[in-house]
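After this come two complexes, each holding chain A, first together with chain B and then together with chain C.
And now, the complex of A and B:
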């Protein structure tokens, strides 16, 4: 059996090698050879993927654990650097490194002729390192290392083209908003430390402690702190996974190169919040009130973002809001303690959303950077393969029967109805959101691929299918969007491979949550039929509304009017709650308080200066005198002490 | 032996520099850097030796008191690291200043060595008067260096700095004299006994006089008036020493003089914790508003040290390691940032953030180092700063959720100003910057800063390299002191 640390080690080595390549070639005009750099850039993610596969094959049910040393070892805090490879981290790692490798291959084509080619892949490898640490860490603190690490890579990659300050500002926003959530994560860890010491930061120890406290009945003493911890961890998740109230950074994050949006801001990083909830499932099922908050935050986010998706003209922004909306579905599932279902949706979403983003990237690439859908149209004939990939992704995300999203979304809706509080109402809103999803995604497909081409003439001349290095990953992902759902096809008896894989990790928690739950048993076919109906109604609405000439594009791609106030509602909220108060307090401290302090100081200083006439000493430029001056100063003080001390 | 060497040899080195030829700055800088390296090696040796003490040498008897003053030095788990910081950061300063001052390099090196001796002296002195002597002796070389090598307002900054800090520690001199006159010696134990026997009405004044000196030196709000100007006007290598090491003398004074001597005054101590937290917020907000690169760094340092002082006065068992790691991390990252900002100032011919920009595309190597240093200052996990801030958070959490929340807010605010700083210096269109003849970072400078950054990562992954030095007697002593002070309430 190969050691676990190989999984993060490969991308780390890749980062270092690529950083050396990038820095050592920084003086040359052309930059390093793309062939070698690209090979290195793709090799290490693939090696990491292969190690995950190797480990997955022989993994025992209880998982593999490996500690490589101590990290923090002080009087009160002991934390090891240890890895935990079990059913949950296996699934996550398989698609993180797998899709990561595919997107690395795609990026070789996408970033062709970019002067910062090597730097881009150094960041991508650093991201994969952080992401694997996040998922593989056996303690909350190590997960936090990955958690902030992926945030850092996200910042670096959003602002990757840093000569345009718009991009770097979007990066700053992402990092700062995530930092707000990260403080929640940190404080959540502190809650656990004060319950049972730093040992509770380790997942295994936490689970054991919870089980023990539950059986002894002593858990009620710790309940207030446990609930607070759960709430704070979820607050951290709202940052990383772009949920209400910390979701504003994700649409702005689309300023980064499109492969980054696919990898980081759709498939992997933004789902770490869902991962964390599943990892802490044993904690969360004990605090149902917090789970209800998770459910309603997820519901609101899914609905709000779906509406916002209707107003966007920028193709990447539509996909960004749809990511937020889909993440909302995942949190809804977690909110009704269906952690395995939420991870299943993470898994299928990773395929179809990555396919959609890479397809959008290919469109943008061939239109030389055009992202406004009002200047697209009719690309079906010119880019048939890309259209096919996008349409597969589209069918998956709206939940068309058989496609990946159908199975996972269907399971979520079913669980919402069966086991959630206010089940039927929550279910109804979630179903309505599914209709809206089909509308805005239908709008995207129609505006991009159907109708007439509406863009500029010079772009039209060279619209072309993407090169093979980009097409192959896209096609593979579209195959995933079509078939990944069969790993857990609720309608087919026995097709529960995915659930069985996760059962050792989250099964106990979920059956605990279901204790005493006697839900009416409805046939899964009813849910499937209603879900299908929602998708078809949505598609018909989109067809009816958008299969008509699109008004000519004027100005920027931002939504106007009501669309703008809806879309930027939370930006406004952040401005009034966070930014403006901070600025006002900073202004008060700087202009008022500091001025008073300085004035007072100059007044005292002025008096002393007159008394001491000290300036003359400093006009002596000879530094050599300083030693003498030191002693004179000391002597003066001694005399002062003697004089004043005598009076005391 | 090591202790004497580390305190006295820098002064000898300063004298040695006097006799070198000022006109051959190349050879002068070689000698200075060589000597700096030797001191750094000594200090690393001291870390492995750990807690040792010298035989006290009778120095003099303070007139009017019965106390004999000894020249005696002692090292402990915290001071060995601070001595390492002072030697190492001084070395970096000597390297970074290599090409800046021409024939004046010689005098710069003299000043740095004198400062180094005084800083090491204050970290290692076990006698209160000796400590005070070194504490005051630091001010003059620093002030002279600012006055001689600083920016446009250097004279005002130097005066302000010298008078402010000297005036700030004058009351301590009086309080010390009083304690010596009623007590029987000048070691910590004797001062403690003297303080216990002091009349109640005087106790607060004695405490406040000591605390004031360190509040000014660190500095904490509202005694920071000298800091931003001094750091901004000082040449960047000197600013690195001032923030990286000299400010730590204030923090050190709180740990090893204020807490042990005044261990019964916990209500006042709690006040200092809140002052520290307020300073952390204040520094961060001022840094957000700063328009001058070095001012921004000065306020950022103030914020970090405010957090460190707040951590000290939680008296938690995590405190010694928390503060030690935070101080080392801040010393390394802040000095790296000051050195790099000095280089950026040369590239952009300005310290004004609005005038800078685009350095990442013009000079990728510099961009890498500067960005790395900024991210390390953000306390991203994997760097030493994270360990320090996480442990401080744990200490604050033990006091209550509110102090921890305030510290959490500071983490967010530090991201705001640091990312803004990185953006202002590195990003944007390169043509915003005036074309200057030199726009490459010299490989020697890059290597020097690179070592600082590598150490930050190494300590972030293996903080035990630092905290193991606490496993000796000292941690127990500090904790015992704190337990005494807690029992007293």
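And now, the complex of A and C:
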């Protein structure tokens, strides 16, 4: 059995090697050789993937645990660097390193001739390292390390082309909004520590503690703090996974290179919030009120983002809003304690969303950077393979029967109806969202691949299919988006491989949440039929609405009018709730510091300076005087001690 | 495991060996130099092999205990750094003073002074104690006057001898009263008497005189007045050795006294000690504010460091001694690092702050090392100096001297201010093109690099700190 730490080690080594390459070639004009750099960049993620596969094959049911050493050892807090490889982290790691490797291969083609080739892959490897730490860590603190690491990499990669101010601003926004969420994560950990000491930061210890407290009945004492902790953790998740209220950074994050959007802002990093909820499932099922908040936040986000997606003209922005919307679905599933289903949707979503993003990247690549869908069209004939990939992804995301998204979304909808509070209503809105999903995704496909080409003439001349290094990962991912769903095909009896895989981790929590729930028994075929109907209606609406000449694009690709106010609603909210109050406080502090504290400082400084001059006057050079001063000083000290001795 | 006396004996014979070899080797031979470096390294390694469990006794009044072993290691390491630093000054003239001569004798004298410190650490009666202190001090007089052609150095030496003699007189007076009070030379018997009769006027007169005497050596206020003049006048390597070895011996003297014969009245002495410590660090800090010469500046800096060291003595036994040992190590690293850099500077420039101008442009390596040294002296985390200061304060906090600690921490702000002034010269002030180009040789590079690393990781990698605590609490 190979050790667990190999999984994060490989990308870490890759990071170091690539950083050295990037640094050592920083003075040369054309940069390092792409062949060697690219080989290194792809090799380490693949090695990491292979180790995950090797470990996955022989994994016992209860998982593998490995501790490398002590990380923090103080009186207040003791944390080990330990890894936990169980059903949940296995499935997460499989697609993180697998899709990560595919996207690394794709990026070799995509980043061709970029001056910062090596730097890009150093970041990608660092991201994979952080992400594997996040998922593999056996304690919240180690997860937090990865959590911060992926945040950093996201920031670095969004602002990767840092000569453009817009990109760096987007990077800053992502970082700052994420930091707001991180406060929630930190405070949540603090809550757990104040309940039961730093031992509770370890997942195993936390689960054992919860179980013990539950059986002893002493859980009710800790309930307020536990609920607070759950709420704070969820707040952290809203930052990382772009949910209401901290979702505004994700559309802006599309400023980064497209493979980054595919890897970080669609397939892996943004789903870490869902992972955290599943990891803490034993905690969350004890606090159903917080789970209800999760459910409704997810519902609102899914619905809101789906509508916002309708107004976007930028192809990547559409995909960004669809990501937010799909993440909303995942949180809805977690909100009704269907953690395995939410992770299943994370899994299938990773495939089809990565496929969609990589397809969009290929389109952008061949149009030399054009992202406005109003300047595309008719690409079906010119880029048939890319179109195929995108259409597979499209069918998956709208839940067309048989495709990956169909199975996972269908399960979510079913669970919403069966086990959620206000089940039928929530189900109805979620189903409506599914219709809208099909509409805006249909709009994307139609505007990009159908109709007539509307872009500039010089771009048209060299529209071409992407190179093989980009096509192969795309095709593999499209195969995944077609078939990944069969790992848990609810309609086919026995096809429950995925559920069984996760059962050791989240099964107990879910059955606890279902206690006393008299499930309304409905045939799964009804849900499947309704879901299919939603997808087909959505497609038809899209066909009816958008299969007509597109108005000519003028100005930027930002939405106008109602679309703009809908799209930027939360930006406005942040402005009023967060930014303006902060600025007011900052202004106040600035004034106070300037007038009062600074004056006090200068006053003290002045006094000290004068004292210093006084001491300097005693710098006599005559030995006699020196000795005399010593005696006098001694006498004075003795007298002082005699008089005030006790007080010192 | 080796016999506990072996390092002491080797150290005693090393100076004689060096001088003898010098007699029988050609004039420019480097053999004595290699023997000194090699010998000190061997002794340092041997010291690390002594078993630290119980207190070893030889002939009833030569004692090797845990504190003694740690301090021996420190003193030998300091001597090694001292002679490595001195070497350059025998190769060329610097700071417009003539080149120094007689390297072998110089090294022998440094090692003699080190041995004096070891005698202090091994003493278990008043006579040995006094002998050790003198043995540690008298070579320093000679070292200060080493550069015979430099009149300022001679003036400094004269001053040092005069003030040192006064200090010795104080100590002898104090010892004689202590003997009169207790009727015994042995620490153990004195300690017993002190417990029996803690408020005897005889005892307190003796304490007063002993503290005054050691106050001179430790440059405590108000006995610090000689230090700036001597530090400025002495050859630079001697200043470095004075500020490390001499100070270490003096603080061990105080700790042995306070935790040995006078332990019975430690609580009653605390106000006195804390007043001395507080005023000393305040005066040292204030004095350093307006200096512009590097060595005079370091003199004031080392005065205030003495104040910080004295704070730790107020704490409980194990914590006080281990924090003092740790702090001394870090202090020696930081101080020698600073001196190594100053040594490079003053090779062909006057030793003032202005000579540092544009250092960050000219030699980023030196500028970064200087920043490490000074920030460590000022106690900025994560450098080792921070942990050192923290432990000194922690030790005093165990005996609830919170007012003093607060005062010391506030003083740290002052200290930061003047340390940063040097850094300002090195990093911010525009380069001065009239300055000569700096020459750094390999030995200096290696030492500067090693010491920087030691300071950087001395706190982050806890083994040094942990080991000291483990040994002290064995």
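FYI, the second predicted complex is superposed on the first by the 591 of 648 C-alpha atoms of A that agree within 3 Å, B and C clash if a C-alpha of one lies under 4 Å from a C-alpha of the other, contacts with A are read in each partner's own complex, and residues count from 1 in each chain.
Keep this in mind: a residue touches a chain if its C-beta (ideal position, glycine included) is under 8 Å from a C-beta of that chain, and two chains touch if they have at least 3 such contacts.
Note that the structure is predicted; figures quoted are calculated from it, not measured.
Just to be sure I read the superposition right, which of the two partners does A:67 touch: chain B = first, chain C = second, or both, or neither?
Once the two structures are laid over each other on A, A:67 reaches no partner at all.
Of the two partner chains, chain B (first) and chain C (second), which one does A:77 touch, if any: first, second, both, or neither?
The first partner, chain B, only.
Name the chain, either chain B or chain C, that contacts more residues of chain A.
For chain A, the partner with the higher number of touched residues is B.
Just checking: does A:162 make contact with chain B only, chain C only, both, or neither of them? Give me first, second, both or neither.
So A:162 only meets chain B here.
Quick check on my understanding: which residues of chain A belong to both its chain B contact set and its chain C contact set?
Dual-contact residues (chain A): 608-609, 612, 614-615, 618, 621, 623, 626-627, 629-630, 633-634, 637, 640-641, 644-646, 648.
Quick one: which bits of chain A touch chain C in the complex? Just the residue numbers, please.
For chain A paired with chain C, touching residues are 608-609, 611-616, 618-621, 623, 626-627, 629-630, 632-634, 636-638, 640-641, 644-648.
Provide the residue numbers of chain A that touch chain B in the complex, in ascending order.
Listed in rising order, the residues of chain A that touch chain B are 19, 22-23, 26, 70-77, 141, 144-145, 147-149, 152, 155, 159, 162-163, 165, 168-169, 171-172, 175-176, 179-180, 182-183, 186-187, 190, 193-194, 582, 585-587, 589-590, 593-594, 597-598, 601, 604-605, 608-609, 612, 614-615, 618, 621-627, 629-630, 633-634, 637, 640-642, 644-646, 648.
Sort out for me which residues of chain B touch chain A in the complex.
On the chain B side, the touching residues are 11, 14, 18, 63-64, 107-108, 110-111, 114, 118, 133, 136-137, 139-141, 143-145, 147-148, 155, 158-160, 162-164, 166-167, 170, 173-174, 176-178, 181, 222, 224-226, 282, 285-286, 288-289, 316-318, 320-322, 358, 360-361, 364-365, 368, 375, 380-382, 386-387, 390-391, 393-394, 397-398, 401, 404-405, 408-409, 411-413, 415-416, 419-420, 423, 426-430, 461-464, 467, 470, 475, 479.
Mind pulling up the chain C residues that touch chain A in the complex?
Contacts found on chain C: 158-159, 162-163, 166, 208, 212, 215-216, 221-223, 225-226, 228-229, 270-272, 274-276, 279, 283, 286-287, 289-290, 403-404, 414.
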